[in-house]
Amino acid sequence: MNQKLVISPSPHIHSGDSIPANMYGVIIALLPALATSVWLFGVGALIVTFTSVAACVFFEWIIQKYLLKVTPSITDGSAIVTGLLLAFNLPTNIPIGLIIIGAAVAIGIGKMSFGGLGNNPFNPALVGRVFLLISYPVQMTTWPTPFASRLQYIDAQTGATPLSVIKEGLSNGQTIPELMERIPSYLDLFLGKTGGSAGEMAALALLIGGVYLLWKRIITWHIPVSVIGSVVIFTGILHLANPSTFADPLFHILTGGIMLGAFFMATDYATSPMSNKGMLLYGAGIGIITVLIRCFGSYPEGVSFAILIMNGFTPLINRYMKPKRFGETIKTARVQTSK
Amino acid sequence: MSIVLITILTLAGLGALAAVILYLASQKFKVFEDPRIDQVEEVLPAANCGGCGFPGCRAFAEALVKADDISDLNCPVGGAEVMGKVAQILGKEVAKSEPKIAVVRCNGTCEHRPRLNQYEGAPSCAAASALYGGETGCSFGCYGLGDCVDACNFDAMYMDEKTGLPVVIEDNCVACGACVDACPKNIIELRKKGPKNRRIFVSCVNEEKGAVARKACSVACIGCGKCAKVCPFDAITIKNNLAYIDDEKCRLCRKCVAECPTNAIHELNFPVRKNKTAVKETATEEK
Amino acid sequence: MNQWSNFTKGFFKENPVFVMLLGMCPTLGVTSSAINGLGMGLATTFVLVMSNIVVALVKDFIPEKVRIPSFIVIIASFVTIVEMVMQAWLPALFEALGLFIPLIVVNCIVLGRAEAFASKNSVGSSIIDGLGMGLGFSLALTILGTTRELLGSGKAFGLPIFSESYGMLVFVLAPGAFIALGYLIALINKIRRAG
Amino acid sequence: MTYFIIIISAIFVNNIVLSQFLGICPFLGVSKKISTGLGMTGAVTFVMVIATIVTYFIQKLILVPFGITFLQTISFILVIAALVQLVEIVLKKVSPPLYQALGVFLPLITTNCAILGVAIMTVNRDFNLLEAVVFSASSAIGFGLALVTFAGIREQLELVEIPKGMQGAPIALLVAGILAMAFMGFAGMV
Amino acid sequence: MGKTESSLSNMALTLITITLLTGAALGYVYKLTEKPVAIAKEKKQQEAIRLVVPEFDNNPAQEMYLIPTSDGDSLKVFPAKKEGKKVGCAIESISHNGFGGDVKIMVGILPDGTIYNYQVLEHKETPGLGTKMTTWFKPSEEDNVSKASGNAFFNWLFGISNNSGGGNTSIVGVDPTKTKLEVSADGGDIDAITAATISSRAFLEAVRKAWYAYTEIVDTHSSATTKEKNSQEGGMQ
Amino acid sequence: MLKTFKIGGVHPHEWKLSAEKQIEVLPLPKRVSVPVTQHIGAPAKPLVKKGDIVKTGQMIAASGGFVSANIHSPVSGKVFKVDQTVDASGYRKPAIIIDVDGDEWLDDIDRSDKLVKEITLSGEEIIKKIGEMGIVGMGGATFPSHVKLSPPPGKKCEILIINGVECEPYLTSDHRLMLEKSEELIVGIRILMKALNVNKAVIGIENNKPDAIKKLTELTSKEEGIDVQPLKVKYPQGGEKQLIDAITGRQVPSGKLPIEVGAVVQNVGTTVAVYEAVQKNKPLIERVVTVTGPAIAQPSNFLARIGTPIEQLIEAAGGLPQDTGKVIGGGPMMGKALTSLEVPITKGSSGLLVLPDEAAHRQPVKNCIRCSKCVSACPMGLEPYLLMIEAEKEMWDRAEEDRIMDCIECGSCSFTCPAHRPLLDYIRLGKGKVGQIIRSRQ
């Protein structure tokens, strides 16, 4: 035998799973929502998505190549996912300059400063999004009206999102039943026929994507279910307590970024907890903080903030919510003896 | 003028009260502590900034007093000056003993030691050693995965790309022994630095019988014992088919080097050998 | 140590903010504009120099147990003086700096220098040390203030550089303070390693 | 309801570390480990509440009646410094376990501007005694929340390779910045 | 160590000495700065009043009087007179519904009931957003200057359009009986600061309060003599 | 009803290429080298010296302690030397090398195929006999069986579990044994039940071996106390703790032995060996070895004598394919890559897997993306990603706290990691270090 045998520790076979497979899976799952967005907002959705993805990939490449001096890993698809998610969180008439700033912040501050994929404690797309929201509140809070001007980009006709209608109206002394008149039907909300950021309104499309992710085992059910569940329970309690100031649960899960957040942003690998118990707690935290911000804070929407805040708590959750150990059902002495 | 008076009275009153209460409290609640903690705290800047990683200067002082080795503790405010004083108080500066240096006792380069298989596990000697004997026929030699280099805190080692063996940078080595502990094959040894950095050692740790060892590596020690016979100082012993030169006994005469059939004995930093008399001269000089 | 290096060390080599990470609260809290940063820096410098002088003068008369309280009282009184003087003659700056003026008293730099340097050295070198450190602190605050002001509102020392509408508001707010300082320190570290 | 508002405001909306910039030194300094962070939080809560009560009475009974409010800074810090030392001495004797848990952090607290800052804010806002206690306690909890969260993230970052230039303070500040950004979501919640 | 020992007497003595000395020093400085501080404060108020009402020659601060509002605050009213004739009055008003807390403003109202000018005294609004209230509700010249200063390409990049400054933002010269001083989103006539509706709302609330207070003066003391009398009373306060 | 264990697990492709191949008897080799350490525990002490003539089945090395096992000559011939030979790890270990000369067995060994059903020995005698005959766990762990059959005082065995899971991909030796030696297996179970004094035994078989399940179910329908339990296919079900969990629902606590929950697990191969030892007086000198691999010409199951060089087995299966990259002793999940083909078959060799070059290499390692797939795959409920980092950064305290010692080294984590991180490599390293620390503490 003239060939050298390869020696490596077990196991000697691999499942074939890879980072690109997961990332491209997420990208595929996002496509229905992208299609819906183009259907609703036309050219603006395309411009915003394309710019965001291109900028994210570009920044990832340039930072890895010239600042970190490592081999660029843009082909693994993670920058594309960040770009897509960032775009989905922006209004489709947002100026290009802001998209580029957002991408630079998402990749530069949110991801590469920590050493790149997997090291970042916060979801990069959300870091970029929240950065923009705080820095440019005006541009970030004017959304185009669906179907109104599909061929126009920046000068598109603007309207409000259901959540901002509610927030605005409530602070004006109107009640929820009155305001519901001004809101599209739940079916329209479900199909996404409403104002909002590029990819967050189409609940149906996002649900399809989410199911795809679950089917491909890219994510587990824990986070989406606990996010949506906690939103439903919490808003349900509030709605029952006072229907005139708090909208019903269905309204809450169909509007804003709940679906996008629950299936795509909160489930971000690097920034979500590792154990199933931890994921449930994390998701519940996101749901509750979201509702708190929506119902009591001054921002109409709180999913981004809620996920970022819970990202902050993820290390603590990981530290104290360990997976269920084998043999734990029987109470045993710890490995470390007390002496 | 009254405001000045009130000011003075208030502050003086508060000051006096604070002093009295603190004094009484410290009398009443006295607790014995290592007096050196106070001494060390005295030297520290008392900025209580937490920059040292400890919660406050006193905690840092306690850590210093308790620690056996204070070399990796540092006060960023006070700097080296303060740390010097601390070391003085604690008397923790180790008396310099005979200088030693790390020596790599394997010469199994790619050339001398043909590779028989290819390792593809975690790039760590420790992981590899738990798995198997090594890429070559010699299960005693260097894995070449650089655990020693990783262990070195002083940039005193690097992996030679060509030979696949670690090299000690003599000027940087402080003989801390980290590499010795890191090597799963016990190849690295701390030896006396020697006059003018001159050292003689057996660059092999293979305990196989001669033929087997030779087959695996052309420069292995085959345990033939020629060196031991020729050594005038009884510095060389043969155990488990392997020669070992005791650095306490060796007088650097270099007779063994010439005798070794496999060139397993290495000499370092000697001038180029001219003839036999020259060797003797150097040897006597060294004494 | 020669006096010149004693003076200049605070600017770069031992810059209290960028290198020693001391006095972070005012550093972050008041640097939403360059002028505020500078004002805070100078106020701190004054307190630092004056308390260094006094501590150097009285160091031999102070019993061990009340050393810290005594130093704090000395520092606090200078802080109060600064407070009153600013209120009288620089009311705008006084309002901008707000809570952080009384908080100079707990700035680690001031007490740290009093303890680490002035209580062990002569009055002359204590002045130089205080001045150097204080100016280094001012420099750091001014740099950070300028950066934040420029990025946040397109101005430097109140002068418009580019349209305010381009500014990234985050930098004027709390998060921007942390982020800007983080990258500044990274930059300084890089320069220090290179130099 | 006002108490509820004070609590929410101090913990989330106007978190003393993340939006008021108080107590940054210990926030950056003692946040390398979760356990240390917890100890520090305990010590801060303890001292902050006591200090606020004491300074409250000094303000109400001495400074205001005599018209010498300009002595606020100096008298507060004097009282806090003495108080911290007193607590330390007493704790060491009376309850060694508590001292082990909290006491080691006490020296750090004198120079923690959060204590003085909260004391001054309390009198500036004209709280009554109960409000002052609630305010100081929730401020301390807000401090602890930020500190422990931050420590958790830092512990996790210890496990990964941060780019060389960003290691240490820069990355810590960056994390604090993003955390502050996230906490801005609570804006307007009072 | 050559230092003084830590005995009770020494400790107390040192602390007392130090506090005595610093106390004296502080008292002295306080004396020294007491006046300038008061002057600075007064000057600030004067400045604010001067900005919001036409030229006057009396001392409005001395003639200041309080007017209670329906929600429990009392507003300070500073009448401004020139040669004994009332030229307007400055009213310090407050709203508790700002984004970051109270918004305190000084509003100048002319005798005919129109708003002459305003000045923001105190606020804790978001920098860059709510802070715009200092200029937003004034005639838009200054605002447009800064907006026009950008380069066209960057304006496009950042989505800043030049024609957005033209709305109904100014309250200067407005007669509150004719113009509804509420943000347009609430059915009023004034455009809110973009993305800072809450701050705008609070600001306008403060302005309304000032104006109601003013109308109250006019209503309760409709004759010139009572006004005169009132201001004298105010002066005596 | 299919049962399985509760936590984690993965499902690799099965690749049971040799499942239909009958067990063939491998011709005797010319020379065997019998290592003295073929089991967990102390090495056996050689009883022969160079030049001695030995018979097949003659004891040539005696147990070196309580946890140790006797070793018998697998062939008859002359001892060539008692020296070192390369073991599977490439390290040289002492071994007895015998030149084969004919095949002369010891007289008292019953070599007939006749099934001996009646068990004459008492429980204690059985255990003693098993010890004498050098039986060890043949699933791969090689733990001396007589030790396992002697529960510590105070502990009572309630159930005997026979491990016919064979969850490793490719391997089929146990599968074939269950089909071809089913009756012997049943008698073996009876013997073990008697030795353990239990009246309940369950044979756990994964659902991908329906023929074995069918055959054994038929046979056991008449046997009281012996049941067959079909199991859902999931790796690592063959792990002792996982199997007990799957069958009884009880979980062995951390750091404890199966007897803690009243269970004893024996492998199918071991059980057949026990039958032969007790009823036929035959020591453990041969075993069934699967030789397989994607490029192997005839994947086969051989009955080979201990000490046969693997080269000969591969030859018998059609020779080593051209582009061989890796030869693995055991299955692909837990087997060891071999450094040379001179390595002999030992008591624990369940299979030989030859992988082509393209399948032999690992993928480049990427950053951990914290996807938590390793956490959900770990059958012990550990956090492999964390343990790896802790081992890499030498955080031994935390690794111990995070129960690194519970790891069963099944490889599910490395198998599943999308970033191709060498999780198990480092965890194994950490286990070694932490184990040292724990021992030094005691």
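We call the chains A, B, C, D, E and F, going by the order they appear; numbering starts again at 1 in every chain.
In this section, a residue touches a chain if its C-beta (ideal position, glycine included) is under 8 Å from a C-beta of that chain, and two chains touch if they have at least 3 such contacts.
Which chain is which protein? Per UniProt: A = Ion-translocating oxidoreductase complex subunit D; B = Ion-translocating oxidoreductase complex subunit B; C = Ion-translocating oxidoreductase complex subunit E; D = Ion-translocating oxidoreductase complex subunit A; E = Ion-translocating oxidoreductase complex subunit G; F = Ion-translocating oxidoreductase complex subunit C.
As the structure is a computational prediction, the values presented were derived from the model and not from experiment.
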| item | value |
| --- | --- |
| Greatest separation from subunit F - chain, by CA centre | E |
| A-C or B-C - the one linked by more C-beta pairs in contact | B-C |
| Chain centre separation in whole Å, for subunit F relative to subunit D (CA means) | 60 |
| Subunit B and subunit D, separation of their C-alpha mean positions in angstrom | 43 |
| Distance from subunit F to subunit A - Cα centre to Cα centre, in angstrom | 48 |
| Subunit A and subunit D, separation of their C-alpha mean positions in angstrom | 33 |
| Subunit F residues counted as touching two or more neighbouring chains | 90, 336-337, 339-340, 360-362, 367-368, 386, 422, 425, 428 |
| Residue numbers of subunit A (touch at least two other chains) | 5-9, 109, 115, 118-119, 131, 134, 136-137, 298, 318 |
| Residues of subunit E engaged with two or more neighbouring chains | 11, 14-15, 18-19, 22, 26, 30, 99, 126, 129, 154, 158, 198 |
| Residue ranges of subunit E in contact with subunit B within the complex | 8, 11-12, 14-16, 18-20, 22-24, 26-28, 30-31 |
| Subunit E partner contacts - residues on subunit C that touch it in the complex | 32, 58-66, 69-70, 73-74, 76-77, 80-81, 84-85, 87-89, 91, 152-153, 160, 162-167, 169, 172-173 |
| Residues on subunit D engaged by subunit A in the complex (per definition of touch) | 34, 148-150, 152-153, 155-157, 160-163, 166, 170-171, 174-175, 178-179, 181-189 |
| Subunit B contact footprint on subunit F (complex, rising order) | 88-92, 336-337, 339-340, 360-362, 422, 425-426, 428-429, 432-433 |
| Interfacial residue positions of subunit A with respect to subunit C in the complex | 101, 109, 131, 134-137 |
